[in-house]
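Note that chain A is present in both complexes that follow, paired respectively with chain B and with chain C.
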Partner chain A sequence: MIQQKIREKAKELLSKKEVDLIIGFGEGTLPLRATPIFIRTPEEADRLIWNSFCESNLAIYLHKFSQFKVGLIVKGCDARSVIALSLEKRFRTNPVFRIGVPCQRMVDRRKVKKAVRGEILEAYEEGDQIIVKGDGFQISLNRDDFLYHSCQVCTHRNPTHADLLVGDPFEESPLLEIPPEVREFEEMSSEERWRFFEKETSRCIRCYACREACPMCYCRECFVDSSRPKWLEKSLSPSDLQFYHIVRAYHQTGRCSGCGACERACPMEIRLTYLTRKLNQDVKELFGFETGIDPDAPPPLSTYETEDRQEFIK
Partner chain B sequence: MEAHWEPKILAFLCNWCSYAGADLAGTSRIQYPPNIRVIRVPCSGRINPLFILKALQSGIDGVLVSGCHPGDCHYLSGNYIGRRKSATLKRFLEFLGIEEGRVQFSWVSAAEGGKFSQVVQEVTEDIKRLGPIKRFVKNRVQGV
Partner chain C sequence: MKLKLDKNELKPFLQSLIEDYDVYAPVELKEGVSIYKKIDQPEEINLNLLNPQKPVKEVFFPQSEVMLRYERAGKRSQVALMEEVVRERVIFGARPCDIQAISVIDEVFLGKDYTDVYFLHKRKASTIIGIACNHPLSTCFCSSTGGDPFSRKGSDLFFIDLGEAYIAELLTEKGMAFRENRFFKEASSEDLTLAQQIEEKASKKTDASLPIDGIEKRLDQMMESPFWDRIHEKCIGCGICTLLCPTCHCFDIMDEDLAGKGQRVRNWDSCLSTLYSQETSGHNPRPTGRERTRQRLMHKFNYFLKNFGRIACVGCGRCILYCPVNFDIRQVIKEIQKAGDS
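And then the complex of A and B:
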């Protein structure tokens, strides 16, 4: 079982002092949740878990712990974020020990909650079923019907360049044809796309949870917090909300691993990944670059080819 | 909308080529529409996408970014880097629903006064066809 293997490996690494700490997943305080935990002794390693609720992108913690030798549990998307961060020299002194786990795709707790009437008090996995219990009910749901959208379209479930792989790699293919929504949006008229974007962003409360959840959003001073120059005001005016969302997404160009952490973090359920997915697709088409695959390829916007396309330039 | 609406277009011109090209157009008495307001920047690679967005948000109807031809950059690679930013930004803005043509790009050398005039004419015509900016705009700048 993968969870057991992760624990064994964590114990081994910690007792041999190959790493100072292991960053992995632990049981969350609420049903359907797993929480990031930081394990420093072999005895604690039994707190590590692995299930379909281990959704967070743990690469976000690397910088904070970069003075330590970190062992990191990585899924496909986390592993790609680690490579993207290392290209940007976010941790130079200590290389990260990546314990790769091929990802079975994660379960969207919001979809589960919507499918159930009443409060969920307990939830666990059994094979490909999720058993959900509450006050006076117990139902079993088919796991594959409740996956995150970003996981359904994922084509990189196996961690790239992991130092160790726990479990057998999966065959790489998306559950849904990719990227269906990007194509759907391209078929819309410009007006319709703008209305959609306007409608989604109008719900934004500017909590910046999307920014905080993203491993690539690490600027010491974010452009929204900058007062000189003041790029945008601290209001909830539609235009400022749009400004924030355009730039938050655009800053991910060639850096986004498509983990979907931004969308999961959003308390208003704003669709965010369709923006970054479009950017990823463009970067692939224009520059043949995919985030986190090649650890030596420079980030696409910090390099160039003299033959880059320029038919749009007069 | 005002009866005689004229678009406001912001042009970011690189110091070494396009700005000199605009200067040449001027000294050669070549006519071009007075709709553009020029901001001189060191290089087309200096353009931060935030500049473009801030302009559109402030009610500027169109933005032109112009730099040296490929291979002619004063800083050797600034325009190549700028070209990648422009390509991704242009596609992204159109995907969001900002009309195609609001933001345009060109290469104009210091010897191309005629081309500069032609580019400004084309851009102005495009923006006139699109009409005043309605999406994304917050405060329309007055008197500029």
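And then the complex of A and C:
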């Protein structure tokens, strides 16, 4: 069982002092949730869990713990973020020890909640089913019908370049070829696209959870927080909200692993990945580059060459 | 006074309110996402969700509020204050915890030290129609924070859902103004018995067991405790728990300038953001998540209690429900007890 293996490896790494701490997932306090935990002793390692609710991209914590030797539990997308961060030279002093777990794809807790009438008080997995229980009901749901969009289209479930792998790799076959949110967006006219973008961003409360949940958002000062110069105001005016969301997405170009953490974090359920996915797709088509796959390939948008290879730039 | 409103009369009742007042009520923006908003049609209301994401404080203290506008005309400057409330308001369908939270903010904005006119005017112009929570969520813990799912405190009128009708209790002078309302009728003794049964059942459902008594004394001893080194670790430093908190009331005032004119705006602020405590010199007295998380909890469970005699948490559970990393304030309250007792 994967969970058992994760615990064993964590114990081993901590006993041999190969890492100072392990960052992984523990039991959440709510149904359908796991929560990030920080394990420092072999005795605590039995708190580590693995299931389809381990939705966070734990690479975000690498910034906070950069002074430590971290053992990080990584899914495919998290591993890609680690590579992308390494390419940006974030871990010069302490390389990260990646405990890779091939990902079974994560369950979209909101999708589950919306499919069930009444409050879910307990949820667990049984084979390919999710069993949810509440006051006077018990329902069995097909796990594959309740996955995150980003997981349905994922082509890198197996962590790339992990220092060790727990569990057997999956065959890399996405459940959906084209991200539905990108296809829908592409099929819209430019006016419809704007209206869609306008409507989604209008719910923004500027909590910046999308920024904070993203491992690639680590600027010492985010442009929204800058007061000299002040790039934008801090109110809820549509133009400020739109400005924030456009720049946030564009800063991800060629850097986003497509993990979907931004969208999962949003309390107002603003759709965000249609933009970052589309940008990922463009970068792949134009530069033949995918974030976090090749640890030596420089990210195309932060590379300068006098002789650019791409014809469309010249 | 206890009256009754048949559910098929709800829409005409709301329609009549809309004619006489600005009516604010929970409105769904997208499946599962709602806020309190001014409505133009009774159909816009959605009472199925217990608490909207954004609390009712927003009606009295908007997330982004223009305080004044200024304009230079020739050699003279004109300033327009924006503190007036033109039309009387009704807030329909707010839950007891959210209404409690308004009285928490009253302590600060309408306290003995100063009066916030923007808040005051909206407060005065408002009649609050609260609605009981027949089915509180498992994340609700109002019973641990001095409230309960049927708490009438702060409501002018209070509705109890009986299935086919609402009991409408008129509780204050503002509420009694609805005594002659044509949509209300006499409640039968069966109706009142049913309401009481529902109340008894619901009140047992919320968690009343959290160790909040004496929490400020425990926290007094914990300012420099290693407890804070660990508790903040998983917090990613977004502002969800503070912005969506019905009692959090910090704001930041900004001048938005344009050539020759501009406006002064106040926006909700969050103690979990780095910028909140950043000083002009560049020094930040709360440099990491450790100090910021401590501030959030200290303010709710220690400072506020010392200043105003009650904690600044009403147990609505929003910070638990919407936290991206499942930081659970109930768990923290329990751990404070353990840490304080050890």
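As a working rule, the second predicted complex is superposed on the first by the 300 of 314 C-alpha atoms of A that agree within 3 Å, B and C clash if a C-alpha of one lies under 4 Å from a C-alpha of the other, contacts with A are read in each partner's own complex, and residues count from 1 in each chain.
Note that in this section contacts are C-beta pairs under 8 Å (C-beta built on N, C-alpha and C of every residue); 3 or more make two chains touch, one makes a residue touch a chain.
Worth saying up front: this structure is predicted, and the values here are computed from it rather than measured.
Chemist: Specify the outcome, clash or fit, for chain B and chain C once both structures are aligned onto chain A.
Modeler: Chain B and chain C fit side by side in the superposed model.
Chemist: Once the shared chain is lined up, is A:V283 touching chain B (first), chain C (second), both, or neither of them?
Modeler: A:V283 contacts chain B only, not chain C.
Chemist: Report for A:A209: first if it touches chain B alone, second if chain C alone, otherwise both or neither.
Modeler: second
Chemist: So, does A:E191 touch the first partner chain B, the second partner chain C, both, or neither?
Modeler: first
Chemist: For the combined three-chain view, what is the angle at the C-alpha centre of chain A formed with the C-alpha centres of chain B and chain C, to the nearest 10°?
Modeler: Between the chain B and chain C centres, as viewed from chain A, the angle is 90 degrees.
Chemist: Is A:E119 contacted by the first partner chain B, the second partner chain C, both or neither?
Modeler: A:E119 sits against chain C, while chain B stays out of touch.
Chemist: Thinking of the overlay built on chain A, is A:S239 touched by chain B (first), by chain C (second), by both, or by neither?
Modeler: The first partner, chain B, only.
Chemist: Considering only touches as defined above, state whether A:Q310 meets chain B (first), chain C (second), both or neither.
Modeler: In the superposition, A:Q310 touches chain B alone.
Chemist: After superposing the two complexes, find the smallest distance in angstrom between C-alpha atoms of chain B and C-alpha atoms of chain C.
Modeler: 8
Chemist: Which positions of chain A sit in both the chain B and the chain C interface?
Modeler: Correct list for chain A: 237.
Chemist: Write out the stretch or stretches of chain C touching chain A in their complex.
Modeler: It comes out as residues 29-33, 53-54, 63-64, 135, 137-139, 230, 233-234, 236-240, 243-244, 252, 254, 256, 265, 267, 270, 273-275, 289, 320-322, 324-328, 330-331.
Chemist: For chain B, which residues count as touching chain A in their complex?
Modeler: Residue positions touching the partner: 49-50, 53-54, 57, 70-71, 77, 80-81, 83-100, 104-107, 119, 122, 135-138.
Chemist: Using the touch definition up top, name the residues of chain A that touch chain C in the complex.
Modeler: Interface residues on chain A, with respect to chain C: 28-30, 33-38, 56, 60-61, 64, 110, 113-114, 119, 121, 203, 205-209, 211-213, 225, 233-237, 261, 264-265, 267-269.
Chemist: For the complex, which residues does chain A have touching chain B?
Modeler: 185-186, 190-198, 223, 231-232, 237, 239-240, 242-243, 246-247, 249-250, 253-254, 275, 278-279, 282-283, 286-287, 300-306, 308-310, 312-314
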